[in-house]
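Below, chain A partners chain B and then partners chain C, in two separate complexes.
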Partner chain A sequence: MELVSLRNVGFTYAYGDKPALNDVSLTIEPGLLYGVVGLNASGKSTLCSVVRGIIPHFHHGELTGEVKIKGRDLLEWDPAELSKSIGYVFQNPFTQISGVKDTVFEEIALGLENLGVDREEMIDRVTTVVRELGLEALIRKNPNELSGGQRQKVAFASIIAMDADFIIIDEPTSQLDPDASEAVFGIIRKLKERGKSIILVEHKIDLMAEYADRIIVMKAGRVVMEGPAREVLVSDELSQAGVPYPEVTELAFALANAGKPLRSVPITRAEARELVSARIKEAPHAHSAL
Partner chain B sequence: MSTPIIDELDQEFIDSFRSPASAGNRIRDLNPISFAVIMVACAVAAVTLPGPWGPAAICLIYVAVSIAAGVSKAFLPAYGKLFAVVGLILFVLRAAFLPGEHVLLRLGPIAISAEGIAQGLDFALVVMALCGAMTLFFTVTPMKNLMLALELRGVTPRATYVILASFQAITDLGKNTKVVMDAQKSRGIETEGGMVGRVTAFVPILAPVFLAAMSQTEERALALDARAFNSRSRHSYLVSLQPVGAAEIALVCAVAACAVLSIVGAAFIWN
Partner chain C sequence: MPIVLSDASFSYPDGSLAVDSVTLRINDGERIAIVGQNGAGKTTTVKMMNGLLKPSSGSVTVDGLATTDQTTATTARTVGYVFQNPDDQIFGSDVQGELEYMPKYLKWDAEVTEQRVGRAAKMTGIRRFLKVNPNDLPFAIKKFVAIGAILVGDCKYVILDEPTAGLDDRGLKLLNRMMDQLEAEGVAVIAITHDMRFVVDSFTRVVAMANRKIIADGSCEEVFGNDDVLSRAKLKRPEVPQLARELGLSTTALHLNAVVALIR
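This part shows the complex of A and B:
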């Protein structure tokens, strides 16, 4: 059964003068990682809010069309039930700290307390997430005194610990350095391997190419393309939406324009390495092969 | 080649959640509700015992309790300031303006009488005993322990969150104000100097600071919702409080009984 389906969905915020979402039709299948890309204000976060039920349960406005989550109309869902079923990591790390816990360890456990998880299980789950995200040095610290990047990791850890089957992650690496971003994506890969369904909003298109099964491209509140990552990341629609291609894809296009196309267009570094290695081996003079 | 430093997991800290939270002091380990009852009983006794010795004794008890609880470094300076400011003002006002037969000193319209001094002392000590109960309670009891104790007695998590978050909001507002003031300073706006200069710099930033705080409140509510805060299932707790033993119950009952006796005394004996 499809996890989420949207049919001709539009949404205008209560005090907005134009729709933030316009005629969006999508199906989210379970067990896949969907990447959402698009320029700022293209409707990515609004789409996530609709899928999570924050719209219309929290943010009011005019919602049109049909939204079904696990086959049930969005309006029939109890918001409290939605919060248990769908994890949501928000974009702004500074407002994701509860402000009422003294240590990072307790902060990560907050969601589990709310779910009524037994103390021993809570400790085990929080400890596991702390290890996975490399937060060992932070567990005694006051969450209100962390940097933006540290808060982002703690907020991410808090949602991961809750172990929802479906997780929406809105720009989890916006405050993180490259190493920390890779670590977060490593966790996302593990979540995917565990069969979680994930919607990930992210500007780092190279990482998206590595991890996403399918990509949703948004522009001005509309979904301009949705499909397998390989198809979308080499498509014209991506650049028309103002989203850059992955670095290696750009390189392949540049080579094609120079009359030396690779055998196929890579979207990940591993693919590019393979294709370029093959080209070098085939070429009699390696330095002129490219 | 350098190897990455992997931080060790602080297992001792994690294991501390497996047993009831302890501050390593019997007074600070009292259940917050028990300690609240004790403090209320002390406040009642301060009001009902004959002054000035009754409330003065209660104030001294606070000092002794704070030393025994190991919080005297925090409590005594705060309490001392209260005495020096609030207590002194109340005493002086009463002593100076309450009429009495035995005038000790006359300064224009002000006549300081023996009765005024006695009543001023009584009143100031009673108020200080009431303030002391509050100050000592919040010095000894961590707010989160109090909220946990209240939740365990049926107060909704939403209510306790609002209280805790309100205290945190005050800290956050202060931090945000400093950030905006620093930003103003970096743009060359004078934020220091005389009182007029400071007020002129401070007033315009109030609106953005408060508006930002309101906007953050909405986002924080959403973040809490993402942590299943509105879940209707019974909440569990990572931290547990020390169990309330027979000795603690006996102590609370004894102190409460003293308060009741002081009320009886005030009603039938010394008033």
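This part shows the complex of A and C:
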């Protein structure tokens, strides 16, 4: 069964003068990682909020069309129940930290506490996620004293610990150094391998190319394209929506423009390495000086 | 006159060091990127530049004056710091009020205020949001409001803490245009960033920090050419330069066009 289905969905915030989502129809299948890309204010976070039920249960406004989550109409869901079955990592880590817990360990455990998980399992799950994210040095610190990047990791950890089958992650690495970003994506990859369904909003297109199964491209509140990452990331629609191509894809386009096309257009560095190597081997004399 | 940090250290009240003996000179109108792991001491270092934090040992001078001899408000008039989290900085109930806060505080006349606020709003692309409550704006636009509020002032140095976080391509172009204009006006820009492509595309000088110290200070080619620095500061090369290196094409080429030229 499809996990989420949206049919002709529109949403206008109570304070907004134009729709944040406009005639969106979309199907999310379970077990896949969907990347969502588009300009700021193109509707990415609003889409996440609808799927997560924060709209219309918390953010008010006018919702039109039909939203079904696990086959059940969004309006029939109890918000509390929905929040247990869908994990949600907020875009701004500064808003997610609860402010009521004295240590990072307790902060990460907070969601589990609310779910009524027993103490032993709670400690076990928090310890595991702390190890996966390399947060050992932080667990005794006060969450309010953390740096932006540290907060972002803690916010991410607290959702991962809840172990929902369906997780929505809105820009998890915006404050993180490159190493930590890769660690977060490594965890996302593991979640995927364990069969979780994931919707991920992320500007780092090179990482998206590496990890996403399918990509949703948004522009001005509409979904302008949805399809396999390989097709979307080399499409004209992507750049028309103001989203950059992966770096190696751009390189392939530049090579083609210079009359030196590769056999196909890569989206990841590993693919680019093979394709460029092949090209170099075809013209061995040209590179013999190197 | 430059900003000069000489053996500047900063320690927390409990005695633990956040920044350890940093020596750094930032010249007038220069553009410099500070990179390194989360927790390496980058934000503490720049907060010492604008007087928000005073060095616990060593010295920090701005245009020849020690920050320890001035109030933070005085130093901050010359060195503007845009916070990493706009919510730490923004408190106005509309964008216009936020931008006019400093002129009101400094009792500027209406004409100067209008001119400076108009300039800052234009440079940061927020003119159409002037009547909006900053809290209703997306994170990335809120960040431009925070930058705008600093640009209203007459700073010779502007510090941007993670300016590209959550920024799309259009925002990035706007940010680059803004930095070009500041450069043309002779204003130095110091940016803390994790975005290595932004560093390579928009900066010539890079300072890498690790474990509370500066471990490299040089051109993009020098810093991104040094595997030891990259691994200690937990940095990653952008994809295309990394590809060029893996293929044995070049250890120094950083830009797409340079790599295109290397592939026959």
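Just so it is clear, the second predicted complex is superposed on the first by the 286 of 290 C-alpha atoms of A that agree within 3 Å, B and C clash if a C-alpha of one lies under 4 Å from a C-alpha of the other, contacts with A are read in each partner's own complex, and residues count from 1 in each chain.
Simple rule for what comes next: contacts are C-beta pairs under 8 Å (C-beta built on N, C-alpha and C of every residue); 3 or more make two chains touch, one makes a residue touch a chain.
Computed from a predicted structure; not experimentally measured.
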### Query
Given the touch rule stated above, what does A:Asn114 touch, chain B (first), chain C (second), both, or neither?
first
### Task
Please indicate which partner A:Asp102 is in contact with in the superposed arrangement: first for chain B, second for chain C, both, or neither.
first
#### Entry: Partner chain(s) touched by A:Arg279 [first = chain B, second = chain C, both, neither]
second
### Which superposed partner A:Asp177 touches (first chain B, second chain C, both, neither)
second
### Task
Once the structures are superposed on A, label A:Lys70 by its partner contacts, choosing first (chain B), second (chain C), both or neither.
neither
### Message
Touch test for A:Arg189: chain B only (first), chain C only (second), both, or neither?
### Response
neither
### Task
Please indicate which partner A:Gly148 is in contact with in the superposed arrangement: first for chain B, second for chain C, both, or neither.
second
### Task
Return the residues of chain A at which the contacts from chain B and from chain C coincide.
92, 94
## Note on the structure
Residue positions on chain A within touch of chain B in the complex are 54, 58, 79-80, 83-84, 87-90, 92, 94-102, 105-106, 109-120, 122-123, 126-127, 130-131, 134, 136-137, 139-140, 144, 155, 158-159, 162
## Note on the structure
Per the touch rule, the chain B residues reaching chain A in their complex are 6-10, 13-14, 17-18, 142, 144, 147, 157, 161, 164-165, 168-169, 171-172, 216, 219-240
### Query
Given the complex with chain C, which residues does chain A contribute to the contact?
15, 38-41, 45, 91-92, 94, 147-150, 171, 174-182, 203, 206, 242-244, 246-248, 250-251, 254-255, 258, 260, 269, 272-273, 276-277, 279-280, 283, 286-287, 290
### Task
Under the touch definition given earlier, write down the residues of chain C that touch chain A in their complex.
36-39, 43, 84-85, 87, 136, 138-141, 162, 165-171, 194, 196-197, 234-236, 238-240, 242-243, 246-249, 256-257, 259-260, 263-264
